[in-house]
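I'd like to ask you about the structure that follows.
Naming follows writing order (A, B and C), and every chain is counted from residue 1.
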């Protein structure tokens, strides 16, 4: 498991691995929003938590096809499937690697981008916390989407169509935590919901991902 | 240890291609599969490796005993030769990659990025992976593609070494590897279309 | 004794539906005509909502079938995963566009009803939003079926998607409920009709619902038959290529 994790991390950081692309995308989305809705500070403050969550979600989505598609193309996936590591563990590790290389940088960058959108003071802690708890679910759900579409030549668009509806609960609870936090309300209830959601997906979804991947490999 | 395959039937894309395949292989022996293109060699090998379920029949050994190598080597261009090999070794719970590097004369290339290798060198790296899996049955699909004569010799030696250690190999190939091996001609096992049978799966036909 | 699984045999299924389908379709038309005519022309106007209330005879049955179609797909997917009957997978595939259409009808009639009642075509009411999300799930499910060439692979993948999707659709339903209450304390636009529907409206509504159920069954059976035929055709072509 460690070997697979290290390899995926190493590949992501080396040239052409796409590390940082998600981060750049996140930045651009946040920069574009004021152009769309106007520079009014009060409005930006109000929509900042939602925009930041949406931007993080889209940045996550963009990098999903790298989780499995590259290993599929060069045949590694076949060989990983025949290795002693259970496929369930393999997809979990790959989701973890995706989170470490995409989700975690997004969490770290969110406060800086929050400044751009005039996120109010108390919001930062809850924004970071909600992203830290919510983005693992995005990676795990995304791995499921990637496993579903791995055999398809132009699966990227289809994967978005499949994955985005699955992101709805995470987005709702995550953005709600950040919004309540920013407005000084009590964000504990949605935070617990978000945590439960993340734990549930991490515990159960790898089985579905592995099952789907097995079907696609045969 | 013995690999026994009984009455195996395999399908490609839902269409049966081979049926009634039976074979028996004991430790230290190799089997060469032959047959025209499209007969189902790859499908049979993937079934042996446990990558797809058979339509019917039985394979005596668990997929955990099989090391599979096919057209795609699973090599990462941005990792060095050594890193590639070490990854596969660790994934199979092993550490030693020196023997694999030695067998395919990859020692001098160990530090090079795999992306900068020639096709033949990549193939050698892909085959070296077999050694670091530590598995007893090698399931090989056209292993000598893009290897030059000399490298084919190294490969033959690697297979002989593997067999001498009590291992087995099932190889689909058209060239002579310099290995003593039984030959299984697959043409007689081509699936014949049957009259429409009245059960669930056949009723679509 | 005949087992229910006999109908999982495509040929048995074709023969049976061939006999049953005319009756079901006639019954569907009858129930729909009776229910809708009764509802549209022989019920009094609501004292508050006027004649606009009559769209209920399209809206409620369509909304019911939108959810039930997904449930049917879920059951059919489970049957495919557990027992691997091809007809079951094909029935799930056949039901998806029908369910999606029902969802669309429910959304459209809801908007038409909402305009005079609430003064807006669309509100992010939990129920409306849930249906929109359900529609997205239908879209994804159908797109996945369409994208994969191999029938068995497609059946396997869509079945798992249906399962996972069901869980997430439920989660979304609760999340949306939570989300909206979070926005406006206590939703003011309640869509709960069952409580305040009087008997005069109730009976024609029941007939209309029965009509929609029968219509759904008719369409799904018809489409499943088409899928089976298409599947046979592909099998024949594959066999010809092999020979």
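Please note the rule applied: a residue touches a chain if its C-beta (ideal position, glycine included) is under 8 Å from a C-beta of that chain, and two chains touch if they have at least 3 such contacts.
Keep in mind that this is a model prediction, so the values were computed, not measured.
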item	value
Graph class of chain-chain contacts, one of line, ring, star, complete, other	complete
Chain closest to the middle, measuring from C-alpha centroids that were averaged per chain	A
For chain B paired with chain C, centre-to-centre distance based on mean C-alpha positions, whole Å	48
Separation of mean Cα positions, chain B and chain A [Å, integer]	37
Centre-of-Cα separation between chain C and chain A, whole angstrom	32
Interface hub residues of chain A, defined as touching at least two other chains	218
Of chain C, residues touching chain B in the complex	8-11, 85-86, 149-152, 228, 231-232, 235-236, 238-239, 242-243
Of all residues in chain B, those that touch chain C in their complex	13-15, 191, 193, 198-201, 203-205
Chain A residues within the chain B interface of the complex	2-4, 6-7, 10-11, 14-17, 71, 73-85, 217-218
Chain A residues within the chain C interface of the complex	144, 148-149, 151-152, 155, 158, 161-162, 164-166, 168-169, 172-173, 176, 179-180, 190, 193, 197, 205, 208, 211-212, 215-216, 218
Footprint of chain A on chain C - complex, ascending	133, 136-137, 139-140, 143-144, 147-148, 153, 156-157, 160-161, 163-165, 168-169, 171-172, 174-176, 178-179, 182
